[in-house]
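First comes the structure, then the notes that go with it.
The letters A, B, C, D, E and F name the chains in turn, as written, and every chain counts its residues from 1.
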Amino acid sequence: MNILVVNPNSTVAMTRKIVAAAQKAAGTGVTITGATASGTPASIEGHYDEAMSVPGLLACVENAEAQGVDGIVVACFDDPGIGACREIATGPVLGLCEAAVKAASMLATSFTVVTTLPRSVPVIERLVHGYGLSHQCRRVRSAQIPVLALEDPGSNARDKVRAEILRAVEEDRCEAVVLGCAGMADLAQWLSAETGVPVIDGVGVATRMVEALVACGLKTSKINGYSRPNTK
Amino acid sequence: MNILVVNPNSTVAMTRKIVAAAQKAAGTGVTITGATASGTPASIEGHYDEAMSVPGLLACVENAEAQGVDGIVVACFDDPGIGACREIATGPVLGLCEAAVKAASMLATSFTVVTTLPRSVPVIERLVHGYGLSHQCRRVRSAQIPVLALEDPGSNARDKVRAEILRAVEEDRCEAVVLGCAGMADLAQWLSAETGVPVIDGVGVATRMVEALVACGLKTSKINGYSRPNTK
Amino acid sequence: MNILVVNPNSTVAMTRKIVAAAQKAAGTGVTITGATASGTPASIEGHYDEAMSVPGLLACVENAEAQGVDGIVVACFDDPGIGACREIATGPVLGLCEAAVKAASMLATSFTVVTTLPRSVPVIERLVHGYGLSHQCRRVRSAQIPVLALEDPGSNARDKVRAEILRAVEEDRCEAVVLGCAGMADLAQWLSAETGVPVIDGVGVATRMVEALVACGLKTSKINGYSRPNTK
Amino acid sequence: MNILVVNPNSTVAMTRKIVAAAQKAAGTGVTITGATASGTPASIEGHYDEAMSVPGLLACVENAEAQGVDGIVVACFDDPGIGACREIATGPVLGLCEAAVKAASMLATSFTVVTTLPRSVPVIERLVHGYGLSHQCRRVRSAQIPVLALEDPGSNARDKVRAEILRAVEEDRCEAVVLGCAGMADLAQWLSAETGVPVIDGVGVATRMVEALVACGLKTSKINGYSRPNTK
Amino acid sequence: MNILVVNPNSTVAMTRKIVAAAQKAAGTGVTITGATASGTPASIEGHYDEAMSVPGLLACVENAEAQGVDGIVVACFDDPGIGACREIATGPVLGLCEAAVKAASMLATSFTVVTTLPRSVPVIERLVHGYGLSHQCRRVRSAQIPVLALEDPGSNARDKVRAEILRAVEEDRCEAVVLGCAGMADLAQWLSAETGVPVIDGVGVATRMVEALVACGLKTSKINGYSRPNTK
Amino acid sequence: MNILVVNPNSTVAMTRKIVAAAQKAAGTGVTITGATASGTPASIEGHYDEAMSVPGLLACVENAEAQGVDGIVVACFDDPGIGACREIATGPVLGLCEAAVKAASMLATSFTVVTTLPRSVPVIERLVHGYGLSHQCRRVRSAQIPVLALEDPGSNARDKVRAEILRAVEEDRCEAVVLGCAGMADLAQWLSAETGVPVIDGVGVATRMVEALVACGLKTSKINGYSRPNTK
């Protein structure tokens, strides 16, 4: 089984981290192919960055489809271009937010999302509302760090995320925490150990859930909503 | 007051019709500038077309911002890239769906949306859900016509839209009808006369509502969600 | 175009302030006619005052309809008698709450409403829920001031409203603030300057939105919900 | 225990029927006092009638409060002025819609409301939405009869209601039916026998529920929302 | 009229308290029969206890049905097995949570639930969501006491509940408080006097509401959802 | 990895079919252990059957936990006792409905559930509402067949399910169909081929999703809601 894991931003170091997390999660016999969208912003911080990342993302998906990929992970927590990807994909397509919050809803009665910047909070709130899980989401919080600080070993980004998780447990009475940025993919295990709360990383969960859907023979429906783009 | 009305698809004939509708609706002292996004699909039929229209749309917005525009109408009923436009805009930004369904909710206790193709139905349902108006929206229907058939005088597109409105009134018990495509902008008056139900075109309403917000001195909030894109 | 702006309470000083705000917002060629409902409470603080204001309000609307008014603003944030007004009106009818929260939802991803007394908070929460915007409304707050304190230059009402807005920005993480009382119509600009957050006054927005609907040729639907009252 | 049952419209024949239904439902030791609001419409068909009935209704409530009533039923399915009544009442206050749909939600997983005229359908839909029971309400239907036809023995109103209930069971797959007009109070038992589906009349249920709340020592909360009207 | 009040847990002392509260609330001519489910947990603290209490609860209901009971109260705030009870019951069946929160929603615009342990909070939140009253429920709080501490006169459980109610009034701005455990049935009056806020006990309300439904001739619908269990 | 797949009803033939479906879906290195709850109804048709199946189901889970199982599938579409199972389980626990509708929501913009008997329709509607997916669920339909007819090769159950799916596609405009009974686990592929719409079986999806969560190192949160049952 071949799964494409696309990083919609153009930071290759982040792709490497993401692909490592996907490979760690993937089952036997699954080949993970990483891709970095080109011509896209270095990080996705808000609606504009998200929109500018989509054509590059779609090019990666089209390329992979031409080579016969079985399923696709869009490795960004803002779930950019998911509907568009689903139209051109044959197999299942998942973004990190959808995968992670649906997983969280299976493991705990409530969860909090911890993301990077305050500007991403309403983006994620709207996604969670659309996925129908507002009643299980205690709050979307930001650790007040730029996305790329997570790539900088000298920054205190990890500590800020840990501190925000501890605040979430204390103030939100949440039972699980979802990491709200693909760049946190390598931190889940450490953060869970440090805080004592289940911490969910979207990269691993999305990869393995796409694998699950493919293994069950399921594909993206081609009736109406996600049917292939019309030729004009 | 200067209002930009952008057609996110690349069909210039459609832009002409849209600009005419905007100009007809605009108040005294308002200058409407039309723009056609370039490098975008000829029509927006589904998520993929929508995503591919956004960079071209944003270029038009950036260009208008540089020239000091006061408000912006994104003249497509799928409300593409609205969040992204709001990040780079100073004044208010409205898409057709948001403007039209909010207007409909002020004029009737319920409404039905009539759009072009079945594939656009779930796109619009999701928008209406996000705008919080599902409880007033009886149904989103399609007249089973491609968008560009509305540009073809020889097609029976107009009749199909009229027939679908009559079905909506009969079957949905709706009190108003929202036209779910920018290409129907010139039909609202005729359809209303033919069917006896208030018919709402998004182009006029969006234009005049942006004008209303500008006239009240209101601008897009620059706190968090729609703050200007970060430089990396 | 003639727009009636009715103050449903009987305090003429408040009508004057409201009409001034409406006139400031209205476009070229729009005549604003102010009216004060008679035999109604001096201020509308809660459900009882609201109910007692409606027959006087409806009399003003009937009178204006007889003279051929094009649209109507009910200048109270509790949106009293809107459905009843819509039944007897030909043109569009808007209350301040509906206009202001729908405007806020177009300018920011979230907003907080700041009203006068704690007793008005649940009234407004119920309205916002009915308009489908609970998911964008962070909180409805009160500045703990009686409505008529806003008419008393010697009171510290203005300062209390400003302080409450600052608390809203800090505690609610809202991106815009809606003023939850018609008596605050003259404060929006000052409060916005003082607090750095977009502050939305319902009087101006409702006036200009009614104008927008009228300009687009839209009227209140006469099918079912808002059809003219039955003769018995 | 003294319970006031107010008919907000001015048709005394209807009050008689309502009081009979209330008395039939009331427990031992409960005195039902009927009242007909004066100066109000002969029937309540839509928002305007509803609004015009409220001052007369409130006068009845004030009068009863002065005499020490324990609880109040507002005997109209549009639940007019309930919030206002609660502000001036000491004991519990219930309208027919709230009582009946909450009762229905306890007896069946879903229900349909059958009311008189199409114009009342959206009024009731909005109430049900406000009471949080949209997910259990299959549909609000009208039997296409004016309210006062129910008072005319020569009309076929009863048969039309029966026919509509049968359609509801067939088409809506509902498990119970709520009668959506106080004027149907005498029909519940007959309709239930004729149709084989539980049929709920709001007058009986509201009366006995108010009695239940009073018996438990519960009164309308006087904190904020329903606190007594402010003196100006 | 005969009403069964079943305590689904096996603590007889709690049954005694519950039956006393039910008898105090019941009207003239109503016989309350208490029952303690056997083979069930000593207290219901969470999903597992709840599930393990249901077969014993259903046995009590079957036994009472055989003897011709008119209505049933399931005296636990987690509303265990309500759907199952409704299938085998002829008359109405109510759990404490459904009865109490629906009563609260009639007496105040908002309420807070105060329960025993933190683990019960999400159970109750899910119930309130299912009953459609999330928008009136400010918060579900726990007083951090085990259920059986309420049976221990030497514990400080009562004081902890009182303190939590005071925090609810202060922090949640609620207008009423619902006691979230059957074991608090004897505290409502004292707590209301101590805190000045209406305090609602589910036992009394559920008993008297079942009585109300029975008195109105209403039974559990036997169409689909609550029809009698199929024989295999 | 060891996954327990429990059939909560006592029909061993059904367990065999379920285990086969689970094994077909499971990844390399996953051992599926089937279990049939004992002392439970032969099929789960409604709330009563569901409740009576839970203690037997919990016994199977406890037994498996003692032997160190990694994750658990509760193989019934009514999701019986899921919260209770999660309290006593260490790893993830999924019911068929939750798994299948969340999967469907990832593959199509809307879906319809086709179950066996009309009495199960409201049970599933309530589950879907609780999972937050009502807005994507077009309808829950029944094929009007008893559960055990699916075990009878001589019945026309399969044909009735196929016919109901075709009606769903036609009338509901759904883009995918979820099979609403564990006994349909062997039909998904055939039904999908016959109807041309993606058909989702919960057994396979739940198994592979539990596997996904386990593979990501995720366990059921032990904070509050799903913490281990208290010892009394």
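Here is the rule we go by: contacts are C-beta pairs under 8 Å (C-beta built on N, C-alpha and C of every residue); 3 or more make two chains touch, one makes a residue touch a chain.
These figures come from a predicted structure and were not determined experimentally.
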Report task. Return the chain pair with more inter-chain C-beta contacts, choosing between A-F and A-E. Result -> A-F
Report task. Between chain A and chain C, tell me the centre distance in angstrom, where each centre is the average of that chain's C-alpha atoms. Result -> 42
Query - Between chain D and chain A, distance of the C-alpha-averaged centres to the nearest whole Å - result: 51
Requested in this report: Among the residues of chain C, pick out those that touch two or more other chains and give their numbers.
Outcome: 109-110, 118, 121-122, 126, 129, 134-135, 173, 175, 224-226
Query raised in the report: Can you name every chain pair that touches?
Result: A-B, A-C, A-E, A-F, B-C, B-D, B-F, C-D, C-E, D-E, D-F, E-F
Query raised in the report: So in the complex, which bits of chain F are touching chain E?
Result: 41-43, 45-52, 54-55, 58, 81, 83-84, 86-88, 117-119, 121-123, 126, 129-130, 146, 148, 224-227, 229-230, 232
Report summary line: Given the complex, residues on chain F that touch chain B span 109-110, 135, 173, 175
Requested in this report: Under the touch definition given earlier, write down the residues of chain B that touch chain F in their complex.
Outcome: 118, 121-122, 125-126, 129, 134
Query raised in the report: What residues on chain C touch chain B, complex-wise?
Result: 25, 27-29, 92, 94, 98, 102-103, 105-110, 131-136, 169, 173, 175-176, 189, 197-198, 200-201, 204-205, 208-209, 211-213, 215-221, 223-226
